[in-house]
């Protein structure tokens, strides 16, 4: 733990959280859910507070955004599992998703943040809602507010909470060995990828008027050679290799003559990259996905296809019901004319 | 006692003959017998119903006998002939001595081998001839002769072998033939059981022999006789250092082990039980295998290894055990013989008893006596058995002496009766005119002169009396007295309406023996007389047998005795005795240790020194001389008692055939006076039952226990291990409740466990 | 040629599987006879002068990265065992003609495939290939027992499979450990037996000890040695006749052969150290199972137990670690295959006619089947170890070897080793016990009054006594028994070279041990003596 | 393009923050799965655990300064979608058969 947080304190807080969750879970009779939720959220909040305090010792401003969304995510997650009505659970889950996507954004994964909202909140959770409504027993007319028994109270809340927080204790014990820094945001979507995107470079260059370069792929990246000017433009993939030897601007991609082969071509010349030339998160993710994991992508497609087929087959299945069951269903559906 | 012998035995000497290469055709002798076996096997396969197998075997064995005789004639008595036929088992694992093993199929022919071979082939031929008639009409005719020929082959291997392993082959081979032939009537459960018993008891002995063989090999690095006896002669073991044998425990241990083998094969005291039962076999088999030849193999073995048995400088545990066991066996089995009613069994017990004599003879250093007794016994015991067999054959398997009487007067049985009488006289040791008398006498006399052997001598003397009694009990009851007989249970001749022909045979007509049986009986009877002749042939040199034994590894010159050569009729002997009479044993004089034969020690004064100190005098005479008289008297007393109790004397008349009542005799009146002793003796002292109780039953129980353990414990353990996965499965099954959360909890638990492990170990 | 011996049966098995049913036995017979012919040719071409060398070598890489190849080659010992297998194969096939009526294709195909696996075991020069063949024998055998056995066959088959398989897996651990050790030492994997042999001998005592225990765990089950023998009676009893013949004739020899080839050759130090406990187990097996034989009612079970007892001698001879014992043991492998295989054939012939193996129900068959009785008695005697027949030579040599072992100080014929006269004496009682139970068996079923089951009726196709085919099957075995009993020397001389090479290393290991023992004991005494001398 | 990102500078947010949050979400999801008996809620809880994993992946992606983590989240989403489709179809079937969403109604499937 390296003094990050005192283990006794950590475990105390986790235990508190566990107790809180256990209390918050739905129970048949007396169920002080709000109290439990408060305790649980308090415990988590305490943990984050300590983390934040430790981090602030480095003298930077705290990022309030993270704390806000983290609390929202945890709180709504708590509500997902504690709310007795499935529809509300699903809605709270959407909230969790939304706050998660905010956290993605904080981490710099813009594409995934939006994809998450679209896919999860937009598609999957809506399906859930449909199914919940489809599969719920219609409330009887006498007692419109009653819950089905399996929603009304939880199974073994104490043991389950104990198990969950024991796991959490172990996980935290393992991960709180320090406060590893995340990398700087502006380097996250590095422009190094430009070396892999000759078309994009070409377009940007031509917009700047730097035409006539012949683009060839080399081992280092892409070199654009202007036969007339004997200029060499090299997009370097391995930026770090040059950090030690060369001064460069904040635009990472440098325009200069890099290797021995290029030296032989002509004089050293370098120029700034066009202003708009850079790689953003989507391009990075896309490149990683297409170039790095083509097979996995294909397989994911197949899985989705199969899932679709499976869903179709399953949904088409007719349930043979006996006479009694049919009658029961008719009553349930409120017909019975 | 063991310790006292070595000092005294310092005077003894073993003798080893130089070896020469013998005639190569000697292998024909066993091979002819084997060929007979194969030929009979072919007859069997081709379902020959004629007497062809018998003639083939008789012919081949006859040729074998002639060849043996030719070989013997051509044998130079100063050397042992060695013939190597082929290497049987050979192996080597290095170049130095002792690093190879070579068991040849080869022969070592010295006097001992020739002696045995002569009577084995000779008797074999005669008995085969007898059997050709005896076994007539039996379904397994060819099978019988196949076994018979195989026996002669095995016996030839045993006797002629030039190494212990080939001897072992013969040893087990004769055991096999004994097994096959005892079990010849394989439908009879008793025959099958007897065969099995014979083989198994013999196997126990064979184990001793095998271990002795191993120890011999380890000690000497060879089991080849010529090399072995050369080493023993030099008194050293076979190792590089030439360790003196007198310093090695093996020197007395090897004889002990070999002795066990000999006891098994020759039916001596702890292992004798198979021989009486072996009488289940056809009579020719009893005669040849279980009286004349095979059972003497033990005597042969001890005689062959006599140099080791009597090796000076080490305790003679084996020799003394042989002597004592022999004497006790002789006495013990004769007491049983006295109480039996089955004449073949009586003969069987008498065989054991006589074998006991032979062993006692060996034990008291009289190899010549033992060999002589083997030789004479072979003839007269074969004769007795064959005569009994003739009776059995003629009376449909009747062997009970209470149900047979007065055969002398039945027409056609005269030859049988006469030859039987001759056999009985031999066995009883009727003085002067019987060979049995001379050979038995030799042993007893030697017992009295050998230090420590007097008790053996007295036992043997007592036994001689008992032997005479039971022998003539048979004779008087079966062959003398009023004519009366009942057929045995093998009588199934339908033309005679009823089976139980009492009093003179009613409707039952015994069929008298034919020419082959009579001829053989006559020849054997004559041979038993001829044996006396052989005994006195070349008398100064120990007689025929003495000569042969002298020219062999058994040619042991005892310091005490004048076996073979001397007897009351030898005048030269008396003169020799007079020479040196009072030399103290504490000061053993030089002796002719290198002497080749047992014949020439008449001039040697040494032996008499022992007489003075140990044997002493009996009735004021030299024991050798005294024994002639004493044993004669004892034997005659035995016959007299038999005559009184069972024979003509007891019924008031002196003539033959005067006993009036067939089934009873005077002896029966005496029985109550003896109390349970007679009954016990009749039940063979309950030895079979005792063995059953002591060995067979516990082993059987142990087997059952082992079987149970194997089934329940050993296999149960395995099955239990097999059940383990199943048990674990059923123990864990409740956790598969079907509740989804249960599985999830399991997964969570697993994850926690995994993390704990990671945390602790990383 | 070795590869032909493996390929021909495999192809024939395939052919049987796809050919019409009527051709099954013809193909199987032809295949086994052709293999036998190849075997004879091999014996002809074998350079007997260099019998210790691997000959007919052939190799094909399978997994070069791991050094696994399919390499074949035989020395004289392997060759003899192959010849035994090849001799038994046609006998098994022909002997099954009348017994197997249904599923002939399955039966003959697996029987033929089994032959290929057995040859593979004996011919392997690569550890991995050896092990694969070793384990592959289980599958055909399982099928043969499972489908063609008698009433309790399924249990027997499963037990046989699981039991031997469990053992083999442990042995595999030992073998792989040796390969791993070699890989660590040489820097690359190899499964070449000769190479591993060199490597294994460099392991220290502890390593060798564990490897020995692991290997013995596997191979002792196969032999089988005393506490792990219980699968054998069951498997034998339930197996079809040919299955029993192969099982007794060859399959059990895989265990002893593997002990010879791997345990003795790989870990000599451990063998010297563990010789006594293993020998004790062998002797317990000899006596214990021998006595169990005596109370059996089922003839086949009796003979099965007798196999356990007999193979005790074989193991004893191996651990005598001298030439006599090891040679005797190798001979035992061949001889036991002939005589016990033949006994199972005889019993099978009886079973076909009477449909029972119980000695209570059948007996005195000499009255009715004299020819069968002759063969039965003959092979029983060979099994008892009667001199002049084959059983004697091997049993005798094993016992003599045991006796010599450790009797080095007793005389010129003794050798190094850890056993000795007492072991031989106790094991020798096994000879007596063998006589007891085998004669008991013969006395029950061959001799005595004729007893037949109540529902006995003459077999529809077979005559009362043996027919020509059955006699023809037994005669080669009988001839083998006599020839090996009378003239064992030619065979012994051919195995001398490999045996002596092996024994030499064992003896060296033994001397080595003595020296090491001396460091603790003898040397200390010598020092003490010296100091005492100084004082004086 | 970098507007949002620039305004939300990481500041003092560290990997530990994200991991703590991720672990918390995971634990809550797990507790939910263990306690709730409604099949649909249980599936929601598994989705929540997916979400926790996704969050951690994103954080690691940033920590290691490459985009593999993000790509992995795409696959997680894919699987979640496929799972939702199938699972919900099954839930509907189950509901039709038993008229109940109780998980323990199907406990005889233990075999």
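First chain written, first letter: the chains are A, B, C and D, and each begins at residue 1.
Here is the rule we use: contacts are C-beta pairs under 8 Å (C-beta built on N, C-alpha and C of every residue); 3 or more make two chains touch, one makes a residue touch a chain.
Computed from a predicted structure; not experimentally measured.
With centres taken as mean CA coordinates, the chain nearest to the overall protein centre is C.
Contact tally for B-D versus A-B: the pair with more C-beta pairs in contact is B-D. In this assembly, the C-alpha centroid of subunit A lies 67 Å from the C-alpha centroid of subunit C.
Note on chain placement: the centre of subunit B and the centre of subunit D lie 97 Å apart, centres being C-alpha means. Subunit A and subunit B have Cα centroids separated by 103 Å. Each chain gets one centre point, the mean of its Cα atoms, and the points for subunit A and subunit D are 10 Å apart. The set of subunit B residues that touch two or more partner chains comprises 741, 745, 748. In subunit C, no position touches at least two other chains. For subunit D, residues touching at least two other chains, in rising order: 30, 34-35, 37, 103. Which chains touch which is summed up as A-B, A-D, B-C, B-D. Residues 1-2, 4-6, 8-21, 23-32, 34-38, 40-41, 43-45, 47-48, 51, 54-55, 58-59, 61-68, 70-71, 73-75, 77-86, 88-93, 95-97, 99-103 of subunit D are the ones touching subunit A in the complex.
Within the complex formed with subunit A, the residues of subunit B that make contact are 741, 745, 748-749, 751-752, 755-756, 758-759.
Looking at the complex, you find that subunit B touches subunit D at residues 736-741, 744-745, 748. Listed in rising order, the residues of subunit B touching subunit C in the complex are 86-94, 97-98, 101, 165, 168-169, 171-173, 176, 179, 183, 186-187, 189, 192-193, 195-196, 199-200, 203-204, 206-207, 210-211, 214-215, 217-222, 237-240, 243, 248, 250, 699-700, 702-704, 706-707, 710, 714-715, 718, 722. Interface residues of subunit A, counted against subunit B in their complex, comprise 155-156, 160, 163-164, 166-167, 170-171, 173-174.
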